[in-house]
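Got a structure for you, written out below as structure tokens; questions coming shortly.
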Amino acid sequence: MVIIMRAGASEEQIAEVSYLVEKRGMQIRRIIGEYQSILGIVGDVATLYSEREQLERLDGVENIVRISKPFKLASREFNPVDTIININGVIIGGKDIVVMAGPCSVESREQILETAHIVKDAGAKILRGGAFKPRTSPYSFQGMGEEGLKLLAEASQETGLPVITEVMDHQMLPMIMEYADILQIGARNMQNFTLLRAVGEAGHPVLLKRGMMSTMEELLMSAEYILACGNDKVMLCERGIRTFETYTRNTLDISAIPVLKQLSHLPVIVDPSHATGKWDLVAPTSKASIAAGADGLIIEVHPHPKVALSDGAQSLTPSNFIDLMKDIDCISQAVRRCYERG
Amino acid sequence: MVIIMRAGASEEQIAEVSYLVEKRGMQIRRIIGEYQSILGIVGDVATLYSEREQLERLDGVENIVRISKPFKLASREFNPVDTIININGVIIGGKDIVVMAGPCSVESREQILETAHIVKDAGAKILRGGAFKPRTSPYSFQGMGEEGLKLLAEASQETGLPVITEVMDHQMLPMIMEYADILQIGARNMQNFTLLRAVGEAGHPVLLKRGMMSTMEELLMSAEYILACGNDKVMLCERGIRTFETYTRNTLDISAIPVLKQLSHLPVIVDPSHATGKWDLVAPTSKASIAAGADGLIIEVHPHPKVALSDGAQSLTPSNFIDLMKDIDCISQAVRRCYERG
Amino acid sequence: MVIIMRAGASEEQIAEVSYLVEKRGMQIRRIIGEYQSILGIVGDVATLYSEREQLERLDGVENIVRISKPFKLASREFNPVDTIININGVIIGGKDIVVMAGPCSVESREQILETAHIVKDAGAKILRGGAFKPRTSPYSFQGMGEEGLKLLAEASQETGLPVITEVMDHQMLPMIMEYADILQIGARNMQNFTLLRAVGEAGHPVLLKRGMMSTMEELLMSAEYILACGNDKVMLCERGIRTFETYTRNTLDISAIPVLKQLSHLPVIVDPSHATGKWDLVAPTSKASIAAGADGLIIEVHPHPKVALSDGAQSLTPSNFIDLMKDIDCISQAVRRCYERG
Amino acid sequence: MVIIMRAGASEEQIAEVSYLVEKRGMQIRRIIGEYQSILGIVGDVATLYSEREQLERLDGVENIVRISKPFKLASREFNPVDTIININGVIIGGKDIVVMAGPCSVESREQILETAHIVKDAGAKILRGGAFKPRTSPYSFQGMGEEGLKLLAEASQETGLPVITEVMDHQMLPMIMEYADILQIGARNMQNFTLLRAVGEAGHPVLLKRGMMSTMEELLMSAEYILACGNDKVMLCERGIRTFETYTRNTLDISAIPVLKQLSHLPVIVDPSHATGKWDLVAPTSKASIAAGADGLIIEVHPHPKVALSDGAQSLTPSNFIDLMKDIDCISQAVRRCYERG
């Protein structure tokens, strides 16, 4: 951490800053520049940095610059080896691309069972499906609730596919853990710190979606909450950010894949369905995500998207999905070949 | 609602769309253009629009355009008269500017009592203060919890100022309602629909903050959730949005003030402290907000910002605040004079 | 085009709108809704739409919604067949991925000749290099000028690679056309309409970069300027947009690739060097771009990036580039296989 | 400037960086931290910083952080006194708010003369009007050209109001300088460095608009180009930035006013017409801008906005404008009173 003093800061002001820093057990190294002094702070600065706002208020302080990253347990430096998560035998974060697929919402027994078989046959390894849906309008379909969870569990048992579903609320956690193998934290909950702590303590595998308004650093800070509670089975999920472009629902931040892999040891999953909002953009962005190094994909598939109760516009039909799985397979083989050659 | 058919859509496709729309009791008016047909939908389209994604999947449909607004109870059309909220005698949404002020976090009995007296003497009508703090880092100060609420209530009793504090979670609601007069929904919770419903049912006055990457329409949709549960004491709060500009913490969307007043009957409050993140920008943006037509302000004041445990950089000192209140007074008199003249 | 009248608009107001529209030779189809009337406009609405602001001022008009796209010559509807551009035998927009590579700036005879041979040997088909550099600081290196163009031409002759270079100004156009095979319009000039018209009339092949805060529609409108002047050799270039994320210089909008291919018949080239600003993100985003369907890439390569006079941080070394070309080759073969299978 | 070395950087790597820095006449101050070394650079770092990309490529370098600002002549430190610009007796940057008003485009002799008289009588001090219009569509009205300039000059002579008009191109500069008193650089040209240098050398007063995708720092860098060429009569203009919010054309960045006044000595003018794109938002945002400390406003007024050839939707009618001028007057008196009291 570096404290930049204003041009013209007095020796007294510098002394006050130094005193406060040293009182907390850290050391100061001062650089006297042509116009300004700079104070380098040596020691464990995590706490000090989280209180930097106080320091910024001190007279003579112009700015405070962080040198080290604000997350630890999530960082590549802390754990240089890729985290691998085993979900009932499905390995995430290893050599193979894992595809999670299923409908946006569970709508009926028939629909979820049919979809589960379709996605399994096409090569998906995890079944997705929502039972509680966060909807921007109070007048929209809000999900089937626990009944939906039971149907998901039934589909899981029939096909052997582990299940991922969204947990919207820490109170629902015990109920959802009865039925689901992976807990999904939605984009709108990425900074619901109560929920982050609850899933951290629960210990269940978690897929943490990036908020549509959040930086990669903030995503890693939220992962840090879960890790700090002792749960190291965290997957990061890029699902598009909000920009000025309105043609797509969100803008898939493809660079986030290699950046998150550089900064962190956690697996990176991409959600091309929500990132684009249009079914005919799901295939090209899925292939792009694999080529950029993603560990997996989470994709919306509906047997009859025209009558889906939510997200019909972005769901693939079974035949679209089967084609996409073939493409993903040939891209991921090419990526692996590139990798092994390199 | 208007359904735009693709150039070259067949009569059969148009018939399928028409059939589905009419089945739901609505009527179709067709316009045959040079290249494309357009289907105007007449009737109560709110539900149909919330399911538009299905319609978009129908063959031959290019796009669906909403004509009427997706919110009703929050709209100016629904209630042309300004909503006025009375908080123990403090009138919000009327002729007078209401200033809510206090520290970001309650830190001690002394601090909150001292601040309460300072802001009251300077003319503030509501006391703000956080007891539970949502923090991006798990290593930061997280608030005093219920102890903080008790201190707030004591400060309220001593000064007679009603209290506003943030509710982060629907489970905390009963406890917070014991101590607080206004419930604040933070920007990160603007789309926490469980919480919106809970405060809607609770019936307590609510200050709803705009998410930092939410549109004004989404803010009004979230207000709609609360109103739809029967609570009509809702204030909208503009607190800055996230943009590419990094000099300020967020970008205060000053136009949101007149736009929200046009679209809705609810009072509009501005939070210049979070919008800018810098104490020396609070005064100019406060004055600008009043001039643009805001009904009130919520401002961070700390007796000793240099040692604040959170948000020190954006808190005003007591003397800054006293000066600002004088400025606000002279701007708001000028605005009222303008208004009365006009 | 659809004109939405306000709830409560009078018959007189509707008559005035209709009169103005019909005076221009278009027809009106009126839909009487429950609350509002909607006027569908039939006829050639391009001119009318460009003047929509007048209509929006008429009493009783709430909003005007476009149905058809604001560009014609650039649209897929106008020309359903992919445009193919032949640059001295190099085919852009066909089956093969075309890579354009070279230094950000021409710095010396030695540097550009060395780089030209390196990129040619690795498989690049076009040589890139800047002679005039738009720099945000007046104190930065501004390029070698015409001397740089001569060196580019020499490198082109020695290697047989056609040359692409930026034209910043319509006055420079005759000079640059003497030396360059493709004219690059930089992101900052995407809406320099004088320049767009000049290159449109010049007839030389053009690579048009998307402005860093321009929508895809605006990019296509700028392409329309060039096409409308009779030059149909236009390539679209995605080079990253500006968002709130600060880790990368810009955010590569990967979805723009399939979207632009859907909306337009023009080839799409991606610039991963400027999109990310970091050399170690160039390889993953290049592979992603190919997988998403790009027709080509433009990449910065410098024999000694550590001493580059501009953009050193995002330039590949020769050995990075050779590796990347192998990866691109294996991804593009996989994509083609996918495609042929499909 | 501070160079942050990676954790684990070798002494050799640090020596290489130090060697390169010292070769350029600067000095290094090293801070040895717990994990990483930091090198503080002392000396005139402007040139070194503009070449920082080379340094970032050196082995062992993690990041480079600027301490001082990248602009000099435009900075408040360079000139602590507010710049005042005198345009034929109209003082900009002093105590009084200066309003520039007139139509978006000159459309006819009658229109511009009528408007000039109206805005003068209402209290405007400068006449605005466009003769050459940058339009996103090649099919829109492009302005009257030199004929428009002549009409502007005639209106100026009749009313005594100095004239501001846009210069789109450095070639047009001599012609435009014959007729105009202030040169406007449009948002799309904020980084047209050829044009910036040309107006810098011309020495005529300049109004420099912020690009809709540009940070405040970039605006000041562009001002620096003009100042560095010897022209110190530069006004900065905030005209809205592009964000995800679509209700307004752009988002007026109200905080830019106090921030630019802090960072720079140049006058700050606000363009509420382009910032909002809607005439009924012009009045509230104009008042807000004055309250936030702007030195002036530039406002579109049209005698008959319904038939305007451009920007009709955002133009005020004469009677709207007269009302607004009264409001501006009462707000600016209140601001001045606040100021004098403070």
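When the chains are written out, they are named A, B, C and D in that same order, and each has its own residue count from 1.
The definition used in the following text is that a contact is a pair of C-beta atoms (placed from the backbone, for glycine too) under 8 Å apart; a residue touches a chain by one contact, two chains touch by 3 or more.
Owing to the predicted nature of the structure, the values given are computational and were not obtained by experimental measurement.
When every chain is reduced to the mean of its CA atoms, the largest separation from chain C belongs to B. Counting C-beta pairs in contact, the pair that comes out ahead of the other among A-D and A-C is A-C.
The centroid of the Cα atoms in chain C and the matching centroid in chain D are 27 Å apart. Chain A and chain D have centres, each the mean of its CA atoms, that are 39 Å apart. Chain centres here are Cα means. That of chain A falls 31 Å from that of chain C.
Multi-chain contact residues of chain B (touching two or more other chains) are listed as 213, 242-244, 246.
Note for the complex: chain C touches chain A at residues 213, 215-217, 241, 243-248, 251-259, 262, 275-276, 280-281, 284-285, 287-293, 323, 326-327, 330-331, 333-335, 337-338, 341-342.
Residues 2, 4, 7, 29, 31-36, 38, 40, 42-44, 63, 65, 67-68, 77, 213, 242-244, 246 of chain C are the ones that touch chain B when the two sit in their complex. Those residues of chain D that touch chain C in the shared complex are 46-47, 50-51, 53-54, 56-58, 70, 134-141, 168-171, 188-189, 191-194, 211-213, 218, 221-222, 224-225, 228, 242, 279, 305-314.
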